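You will see two complexes here that share chain A, one where it goes with chain B and one where it goes with chain C.
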Partner chain A sequence: MSRKIAYVQAFNEAVRQEMQANDDVFCAGEDIGAFGGVFQSYAGLQKEFGERRVVDTPISEQAIIGLGVGAAVAGLRPIVDIMFMDFIAVAFDQIINQAAKLKYMFGGSATVPMTITTGGGGGLSAAAQHSQSLEALICHIPGLKVVYPSNPYDMKGLMTSCIRENNPTIMIKHKRLLGMQGDVPEEPYAIPLGKANILREGTDVTVVSWAKMANDSVDVADQLASEGISVEVIDPRTMQPLDTETIVASVKKTNRVIVVHEAVRFAGLGAEVAAQIQEEAFDYLDAPVGRVAAPFSPVPFSPVLEAHYQPSPDRITEAIRSVLARPGA
Partner chain B sequence: MELSNDVLMDMHRRMVRIRLFEEAAGRLAEAAKLPGFLHLYVGQEAVASGVCAALTDQDQITSTHRGHGHLVAKGGEFKPMMAELMAKSTGYNKGKGGSMHISNLDVGMFGANGIVGAGAPIAVGAGFANKYRDDGNVAAAFFGDGSTNIGAFHEAANMACALQLPVLFICENNEYGEFTPRDKTMAITDIVDRAAGYGMPGVIVDGMDVVAIHEATVEAKARAVRGDGPSLIEAKTYRFYNHHGVQNLGLKYRTDDEVEVWKQRDPIFTFEDRMIDANNASRDDFDAVWAELRADIEEAIQFAEDSPFPTPDQILVDVYSDTPSATSGAAQ
Partner chain C sequence: MASEFLMPKLGLTMEEGTIAEWLVGDGDDVQAGAAVLRIETDKTETDVEAAHSGRLRFAGDVGDTFACGERIGWFLADGEEPPAGSASTAAPAASTTAPASTTLAPPTVAAAATTPGGRILASPMARRVAAERNIDLGAVRGTGPGGRIVSADLDGLTSAPPAPAPAVAAAGITLAPAAGIGGIAPPATVAARQLADLLGIDLRSVALDAREGRVTRDTVALHVRGVLAAASASSLAAASTSAAAPSSSLPPAMQAPSTTIKLSGMRGTIAKRMHESLASMAQLTLHMDADLDAVVADREQRKAAGNAPSYTDYVIAATARALTQHPVVNSQITDEGVALLPTVHVGMAVALDGGLIVPVISDTATRGLESLSAESSRLAAAARDGNLTLPELEGGTFSVSTLGMFGVDGFTPVINPPNTAILGVGRLRDDVVVNNGDISTVKRLTLSLTWDHRAFDGAPAAEFCQTIATLLQDPSALDTPVSS
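Let's turn to the complex of A and B:
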């Protein structure tokens, strides 16, 4: 049975159902217990599972991740919350040097079945330290898996997979999508990590995009359809590992592709996607891979600046037109 | 310590300036004129005012997400502050920082901070520069009770003590970090207990009493200037509004009764009463201060509303400094 619920509720439901199924699953983070988390992602869970399993922590990001790493190696299945993605910087040693590497360094003997959950993305005038899209930073680290869903259905299925995964995963919730409504089955289900979703099928051009930008790209595609331009939108959903196969298959069909993301362009994931496309489908390309991304600056506070900073539907449209303008082979 | 009437009235003025600025910001936020997050300092005015009245423009402070009060107390002007909150180009940060990053280096205010605990290590650096240049200045770090749970605080406290730097650690213990009470996140009641672990003196002061805070700061500053190193001052205080925004009553993590009890101890009104009782000032004197500063606030709001937003060409400005120093002389 499926019904409409919000993105944030889909997250909450995945956590609740996995906690019901497995006593090893517990949650820890700032304000997540009695208060339910600043985004209400953890609402009601402490009430249902008690303070043993839903733990309010001090403001101690490094120790929060460390708690997850240690408890995971000791056999539990932690979900640890870092309120805003920007704050992962405070805990980077535990994420990059510990969680990501223990299995490898220990010759495979340790597993770290930990999920880090965090709020990412801009658009709230929250300025430079509460608006970042840092997915490229963490995708660069072997040993981590990174998920960034664009809708409630994917959220529940991917969060379920994260919790069941025997590797450290980072689930990024886009702050602007928390209230997004969508059909979500009541029963537990898992969407495999590393599988892209074709959000909209098309034949003229491929747009690769994720989280809020994926939805904005679908809106643009709907607009362009009225002009007879057929846009395929691919949402990788999992950023690490990246489903290159689905992207490449689409490019082989459309011969033109752009990547749209909120993070800054330089060394953003668009660079990786573009590189993989040219490695795997160079002969199919009718135009250089286009990128729509943020300029190389911190996220500005003023809404007037941020509106120009973030990729807009206009910029996405323009980029699509520009790859379409190149004569085909 | 006998404080002159000038000092007392100066501290009062700082407190009223903060109160009026914050109440105005709250009203503007409710009217949807302030983008972004807003963390009000109302209730805690005595702390910033008592501390900053003991500092000069050359002394530095670092601040928190709840930073407007620190900047006002340090001498920040209403107009560029209000303009910054409204995201205008005439703001102290040219509309790029907003409430959470508001700063003014001219008065030694090294910025509000969106990262809890991040200010303290920066104050250590400012204190290091003061000692390095032997200029007699001190750096004060303001931080909340909750921030003392983060590693950055502990590293900063230890380093400042190890290097005997002129740094004042000013903890504003308002009993909550966001929506979680202090006793859920630490096993001690008094933050000051942490001071001994680093080898610095610590005192608890009534955070609703600007005089007590001032006196403790004067003493800690004298010690720092003498070369005897850092001190920790814990001010027991309370924020009258919610963690962010302008709701005060009906919150699910604290009782209305608790709010009322603390409001009885309003740092400004209790100070005025004591001054009047001691015949140091009259109600008229205070009324005149409020009236004058109210007019200033109205003018600042008008200024901010009339100011332009920054233009998109500013996005890439100030990511880097454009020009290197001609020599390895002082960086500008």
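Let's turn to the complex of A and C:
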């Protein structure tokens, strides 16, 4: 049965249902127990499952991830929370050199069925150390799977898949989407990792974007439809592995594409998407792949500057118009 | 870097074109896209645009006819000369008449936007579509930013005039044989795979781009054009004496070939003409022995005098005289019937590396042995040196082909169209003859006559051979010119 719940509740429900289904699943993180997490992602879980399965940890990201890696190798299925994505930098050795590598280093005899959850993205005037979009950094590491849902339905299905996945996954919750309402079935369900979602079908131009930007892109597409411009919006949902096939199929249909993301433009995932498109669909392009992204600068604290910094619907619209431009027509 | 200017193929069925007028001077600087040449096909007269910019040097004169894809000139940079060994590769124009296409594209109006380096601004999508449809992007007006051609600019356009013939590498690419074996797909670019997918082409049947060592988008496009041309050719009256089916319709090599000899140039001409010969005539071969004791004796005498003709020369001399006595053999089948040709010009097959060529000993029957021998030696040397001129290759009414030096007695030579017969000459050997119980030896060789049964029957063919054999028994008669 389906009903409307928030993005953060969809996350919470996926964790609760998997904990009910599997005693090996447990959670650990800063303030996730009695407090339920700074974003209430884990609200009510300690009460239901007890302190052994919902663990409040000291403020040490290295310890949190390290605990998860060890427990995972020992046979449990940990969910470990890093409050803000910015803080994964503190635990990069545990993430990059341990979690992502153990299966490889032990020839497959050790597995790390661990889910790292964290809050990403800006828009809350949380300043340069609490607003970053660092998905490109972790997508660069073989051994990690990275998901970044754009709506409550995808959140529940993808979080369920992350918990059930036998390799380390990183679930990024967009902070500005936590309250987003959407239809979510009550019963457990899983959305396969590595499968993109066509949020909106169109024929003139393809927009590839994820998380909050995917929603903004759909809004822009709705607006442009009134002008007769048909925009297809693709949300990869899983950033690693990336569903290039769906993107390429769309580009072959529309012949024009832009990538929209909140992260800085330089070496952002837009560069990877553009590169894959030119490798796989060069002969289908009528225009260079466009990118809409943040400037090469830390995220500003000032609400006015942050609004200027983040890709806006106006900039997305402008980018779509520029790849469609045929001044000589 | 010098670029070749090739006779364009203006339609799927156009085989050749004749230079009607050069619109610029030899050595003039020309711009890509400018009309520089007017050509005639048998259906139309049309202007041809320069495919490149540069100094245009002619390789053909007004009135010359070239097969599509043959070089008619060079585009050169300043101070550059045509590459060495670039003498015209023109072969005699095929005698078959193929109707030229009447579906010429409309005259072009505006040139595409180009960069200072001359590159046409076109999106990758537009380039692919243009390659598939054989559209000259230089003639398309772009509507994208900066005049870039986008795919929508090609809507409704079909092939454009100056498209080089498919068989000679439209994109200037060199083909290597298809490499696919069994179920293994050959190396291919992503674009090539996608194009092949889109068109339902099996990549294993597509030639590799020799430069890249893999199947590219261009070789797929060439393959498709070849298939289209083959389909078009085969649908053109099966009864017509048109060209052999292009090789592109053949299955791929069943093993990875160690090397593949291209069916181009001389090899291509031979392949086409010989297949055409067997496909269009009712050919059959008879063998007859000729005694050469008298010829051997005559030759020994001349050898002592220092000017011995070859045995083949004797056979050619006898054949020429026999042809004057059997005019039906010196003939050509025309629309009106079997045309008896009054003058005898015997072609002699000369083997070359990778092929053969048939220079013609003109007025053969009027030559004495000495004159004939001198001419055959001269032509053979010229053939091996590549110095034959077009007139020396034209007008043969009959051919003689010799394999005797390889120990061959009899074989089945293939008629050189539009002749109706050809004579094969075997090795000179000693035969044992039993005559009323007496055993002796005789010098002999086997004649192999292939003729077109449409023109005459077995009895006249045998009589013609008997005449040759008889003439070879009296070499002195061969030294007397026959007036024809």
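The definition used in the following text is that the second predicted complex is superposed on the first by the 325 of 329 C-alpha atoms of A that agree within 3 Å, B and C clash if a C-alpha of one lies under 4 Å from a C-alpha of the other, contacts with A are read in each partner's own complex, and residues count from 1 in each chain.
Please note the rule applied: contacts are C-beta pairs under 8 Å (C-beta built on N, C-alpha and C of every residue); 3 or more make two chains touch, one makes a residue touch a chain.
The model shown is predicted, which means the values in this text are computed figures rather than measured ones.
Novice: State whether A:Ser297 touches chain B only (first), chain C only (second), both chains, or neither.
Specialist: first
Novice: Once chain A of both complexes is superposed, is A:Arg326 in touch with chain B (first), chain C (second), both, or neither?
Specialist: second
Novice: Which partner does A:Thr57 reach: the first (chain B), the second (chain C), both, or neither?
Specialist: In the superposition, A:Thr57 contacts chain B only.
Novice: Which partner chains sit in contact with A:Asp86 here, chain B, chain C, both or neither? Use first/second/both/neither.
Specialist: first
Novice: Let me test your reading of the model: by the given contact rule, A:Gln129 touches which partner, first (chain B), second (chain C), both or neither?
Specialist: first
Novice: Examine A:Tyr104 and indicate which partner it touches, taking first as chain B and second as chain C; both and neither are also allowed.
Specialist: Neither partner.
Novice: Chain A residues in contact: does chain B have more, or chain C?
Specialist: B
Novice: Considering each complex separately, which residues of chain A are in contact with chain B in the first and with chain C in the second?
Specialist: In the superposed arrangement, which is not itself an observed complex, chain A uses no residue for both chain B and chain C.
Novice: Name, in rising order, each residue of chain A that touches chain C in their complex.
Specialist: 252, 255, 279-287, 322, 325-329
Novice: Inside the complex, what are the residues of chain C that reach chain A?
Specialist: Touching chain A from chain C are residues 123-128, 141-145, 147, 150-152, 190-191, 194-195, 217.
Novice: Mind listing the chain B positions that touch chain A in their complex?
Specialist: Contact set of chain B toward chain A: 35-37, 87-88, 93, 95-98, 100-101, 113-117, 146-147, 149-152, 177-180, 184-186, 252-253, 309-312, 314-316, 319.
Novice: For chain A, which residues are in contact with chain B within the complex?
Specialist: Result: residues 30-31, 33-35, 38, 56-63, 86-87, 89-90, 124-130, 295-298, 300-305, 308-309 of chain A touch chain B.
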